[in-house]
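Some notes on the structure that comes next.
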Amino acid sequence: MTLTIVKNATCTFCGCVCDDIELHADGVRIVETKRACSLGESWFKNHTAEHLYPDALIDGHPATVDDAVEAAADYLLNADMPLVYGMSNITCEAQREAVSLAELIGGVIDSHTSL
Amino acid sequence: MLKLTLKQQPTVPLEAENISPDVTAGLANDAIRALHVHHGKRMCRLDEFFDVEGETSDDLEIHGDASRVKLIGRAMTRGRIKIVGNAGMHLGAYMKGGTIEVTGNASDWVGAEMTNGLIRIAGNSGGQAGAAYRGSLAGMKGGTIIIGGNAGLEVGMRMKRGIIVVKGLVRDFAGLQMKGGTLFLLGGAEIRTGAWMFRGTIVSLHPLKLLPTFAASCAYNPSFLGIYAKHLATLGISIPHEAKDGAYHRYCGDSSVPGHGEILIWKGLATSVP
Amino acid sequence: MLRITGGKVYDPANNINGVIKDICIDGGKIVADVDGGRTIDATGMIVFPGGVDIHTHVAGGALNFARALTPENQRVAAKFMHTKTTRAGIGGPTPTTFATGYLYAGMGYTTVVEAAVPVLSAKHTHEELRDTPIVDKACMLLMANNEIMLDLLEKGETERAKDVVAWLMWAAKVYGIKAVNPGGVTAWKWGKDCKQLHDPVPGYGKVTPGQIIGSLAQIVDDLGLPHPMHLHCNNLGAPGNVTTTLETMKCLEGNRAHMAHLQFHAYGGDDWHTMRSEATQIADYFNAHPNLTCDAGAVLFGNSVTITADGPWQHLLFQLTGRKWGNLDVENETGCGIVPYTYKGSNLVNAVQWAVGLELLLLITDPWRIFLTTDHPNGACFWRYPEIIHLLMNADFRKERVKKLPAKALQRIVLAELDREYSLYEIAIITSAGPARALGMKQKGNLGVGADADVAIFNQNPDGEHMFRYPRYVIKAGEIAVEEGDIKNVHDGREFVVKPVYDEKIEDFLRPVFQQQYTMSFENYPVELERVHGLEIV
Amino acid sequence: MIYWGGNPAECHPRHFTKYSLMQKGKFTPNGRKDRTMVLVDIRETPSAKAADLFLQIRPGKDFEMLSALRAIVKGQRVNEETVAETGLTVAQLQDLAAQMKAARFGIIFFGMGLSMTRGKHMNSAQILMLAAEMNAFTKFVAMPMRGHGNVTGADVVMRYTTGYPFGVNLCRGYPRFNPGEFSTVDLLVRGDNDACLVLGADPGATMPQPAIDHLARIPTITLDPKVTHTSRLSRVHITTAVTGISAPGTAYRMDEIPLPLRPALKSPYPTDEEVVRRIRQAVARRPAWLPGRNGKAAI
């Protein structure tokens, strides 16, 4: 099988965010990393493209993403003081959406910085 | 006297800056019932949470555990609020005059950035009493805060004028970056008291663990304490100041800033120089 | 389709001075006539081309750093509520991106130029501009302290330097070139500054600030960029800096240049105690040299935050104020300092600064060469422009204000003697037609057929401040964006980017240099095209 | 170069080689040899091997030591006995101050050993002030060593959209900021929220127990590439693609430089960006919540 080679990939494991990593992937997993440190290497190799987890869970039971999204919207909009928290392991584009969502549901938004 | 009784505990914090004599005085009770409060993101009527009784006046009484009711008496200029129970955050923040009394405990930011008036908490208070909000150049600029119990972090942070008295123990950073005013610690403090202080006076009746940037200057009977003692006596607080027992160790600092603040530690309990 | 009828039109680019005529709009452009559509009755109103801000700081790493540094300003600033159509935000000296768009549009401004962008964080600037609604945008690239550039100038390789500049411009997706304290920001990495135009920059053997200025202005002209080099001179804010400024202008003879926030560069005296206005000297030279344009960088009293790539100056200001200070060094490219500041009417130095901005606006005779700015947020916030307009239009009001200055200040300024009053026509030039021309944006700042349909309509009012603070209508790209102070229609603005021509082989030179000097991969350095929202290549 | 309360050798392994200590620069052609490195920490971590000078201080004494150092830098007096309680002597601090002043370009990297111990943000503020004041003598800067991947990005995005870096309350329809009041741990421990959306974090594994208990009590929604502790106490969990591995976008380096992500895998799951957008769109389809237009700023 041919390997996909990605050059100048960016590692988001720690705050250094090194962007000179070379990744060799076989479609399901990353088989080789160049220039990544030990932490980065295990970060890249520990995640695969396999379907290991259910798409979504509602009250612990497998559900579709559509249903989960609707349930989430109900919970957040109906709450009097919802909280949006985390955001350190997601992209800026997702963070930007999260701020917009927090505004729409009238909530509090916070990241790991406050810890 | 107007009496508000909390009839339903808010499930999320209730912001009620409208509970202030400046707003309620002169309003009919029905108008008071219709005042806005904010339950999280929802704007509600005051009477969804409070029973309103009595006559409208400058004198307000709140009954019940209002520990989740924030901003009571925000920026009030006159009159009196008595809370029979606990009070939530920002009690009397930006206060300009009048009196607030709490029979129970209060939360953080009591009298933050206040300029005048009197706040008296019988129980404990949270942190940042009389403090500056984040980024502001100055905390309280006048008035008096008396805390009967213990207090939290950063009490009197960046205060410029006024008096804070804490009868119990205060936590770290009391008088942080103080620029003036007087902080009486009758029950002692944890660590880093007076960090970054420029000016102002901290008086402690208990020995304190001081930062390395405070230098012992002398031991003496500060005569100005007599004036404070007279004033504090009217509020029911006594501090040692007479010739026989009024000697204090004086320390100055914080030399890291470098500042000209002073910390006075009562000799009566300070057996050795800290 | 839209017809604006009955209004007095001020369109200086087309020599229209207060003529009552119809303005017709279709497809986001001004057209000769329309058949049908909405009609706005502008009787008793004045019609201006949408405002163009040639120099402001509304997006980017430095401004965003300032937001974090000053929560106390945000706490007391104007609040923008979340509504069905608008996003939440905060005004004040460092408004949030959404609020920035609403504030500019709410004042009749439809085009803004972010004046300081380093390549390294250009991606970030574009992200912020994407979330700055309504107005059209462009940015200036910081270049005069780029170490790769300086190395080339040191070796005398100006031809290659030209290709590098062009490549970097396209990498950063910008509109023009900005020079800030040439050499001085580089020197700041040694904790030093460049005070003398003809002394070598610390860390270099030969290259001097004067040489950087001359070479960069030449490169900008050779590349044929629409806007000349945008220059922030050395010695900003320092008493006696008039000498440096005049010397700088001499270095620029034979080239075009735009002198940014000239107010901060027109001081005489030897120190803070003797500081005085030298606006007359600057204006005399400037009036005689048509190769130059400038913007005022006026000061208004009140709270502000100073943000500039001029790192050494900011350290000095931190020491003067004893307040907060933020410093950012951007690898090999530039630096930045941030200090909150309050201009006080009772302060002699601040009073002189306030006067100098107005003096320049009144003494420079050609309104097509000086534009209204406050170097937001350095001199004052952009949303206070109407206050300056009122001061310019009403000499009596201005003289009353001058009387309130400290008595000592009056001996240091000439403002009290100036009687000139701006006409509405001239206001339209310094807020719109002039800056658009200096930027080389032909579709902006005018109401001729084919121009972008950016129009501001004001109720005519003798109080200039009131008139310009509350436009009756603001039309952006043919849509009514603001009606009686309410944001009606929020859409994203465009961003103008210049693609200069360069030799593709320059990448072969840059790649190894880059790999040696930078911490980022060369391939990840340029801003991707899709990151620039509403991109329009000029 | 001073590392304070951090262990880059183990926590940011490439920091020395790629960014700071070893790199050869234009003015440091010999790389490591042209630099002096000081490590300040409470124990001798592997990073100490890289240091020219290791200063071991007693736990919880950072603020005290920094106070003393700031005073010494300015030629002020300090109390020798209380300095000694930090585990260092005045002479050691004087020597450190002298070395700092002698540097051509100094930098302090401070880690969570400083910012997460007693005093927290005051410790950080103290070190930032020290760096600022050092500029009276030579060029000096300070920078936090941020831990998690894109926590810097969260700061940046929140700042330009809301004006504040974290802990932003939008309940009144405009942004408000007050750390301690609107920061997550405090909110959850007090039980102030009645719903929570967790994005790429696992508070169920890391936060104090009362906070976890509250998350279990209220409707919690978790987005994560894995089913985490938090997912298990949530009403809703949605599996998402992994940032940078199977999800594209942008991440910020700790010095606020944005970098593009180049995913090598194609995930069977949607990205966080897509899911959050879909939740936002679902909310927008429902009757809108609009803030009451009531009065002035509360705090």
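As written, the chain order gives the labels A, B, C and D, with residue 1 at the start of each chain.
Everything that follows uses one rule, which is that a contact is a pair of C-beta atoms (placed from the backbone, for glycine too) under 8 Å apart; a residue touches a chain by one contact, two chains touch by 3 or more.
Keep in mind the model is a prediction, meaning the values are calculated, not measured.
Peer 1: Select the chain whose centre, defined as the mean of its C-alpha atoms, is least distant from the mean of all protein C-alpha atoms.
Peer 2: D
Peer 1: Using the stated contact rule, I'd like to know whether C-D or B-C comes out ahead in C-beta pair count.
Peer 2: Most contacts of the two pairs: C-D.
Peer 1: Return the distance between the CA-based centres of chain B and chain D, expressed in whole Å.
Peer 2: Going by mean C-alpha positions, chain B sits 31 Å from chain D.
Peer 1: Just how far, in Å, is the C-alpha centre of chain B from the one of chain A?
Peer 2: So the centre of chain A lies 44 Å away from the centre of chain B.
Peer 1: Taking each residue of chain D in turn, which ones touch at least two of the other chains?
Peer 2: 18-19, 155-156, 161-162, 165, 170-171, 173, 177, 179, 192-194, 250, 252, 258-260, 288-289, 291, 299 - these are the residues of chain D that touch more than one other chain.
Peer 1: For chain A, jot down the residues that touch at least 2 other chains.
Peer 2: Answer for chain A, listing residues that touch two or more other chains: 7-8, 10, 19-20, 79-81, 92, 96, 100, 103-107.
Peer 1: Taking each residue of chain C in turn, which ones touch at least two of the other chains?
Peer 2: In chain C, residues 71, 75, 82, 87-88, 127, 131, 520, 524 touch at least two other chains, as defined above.
Peer 1: For a test of understanding, state which residues of chain A touch chain C in their complex under the given definition.
Peer 2: 7-8, 10, 19-20, 92, 96, 100, 103-104, 106
Peer 1: In the complex formed with chain A, which residues of chain C make contact?
Peer 2: Against chain A, chain C makes touches at 82, 87-88, 127, 131, 520-521, 523-524.
Peer 1: For chain B, which residues count as touching chain C in their complex?
Peer 2: 133-137
Peer 1: Across the complex, what residues on chain A touch chain B?
Peer 2: Checking each residue of chain A against chain B gives 79-81, 105-107.
Peer 1: Spell out the part of chain D that touches chain A in their complex, as residue ranges.
Peer 2: It is residues 11-15, 18-19, 116, 145-158, 161-162, 165-171, 173, 179, 182-185, 187-188, 192-201, 203, 218-219, 221, 223, 225-227, 231-232, 234-239, 242-254, 258-273, 275-280, 282-286, 288-289, 291 of chain D that touch chain A.
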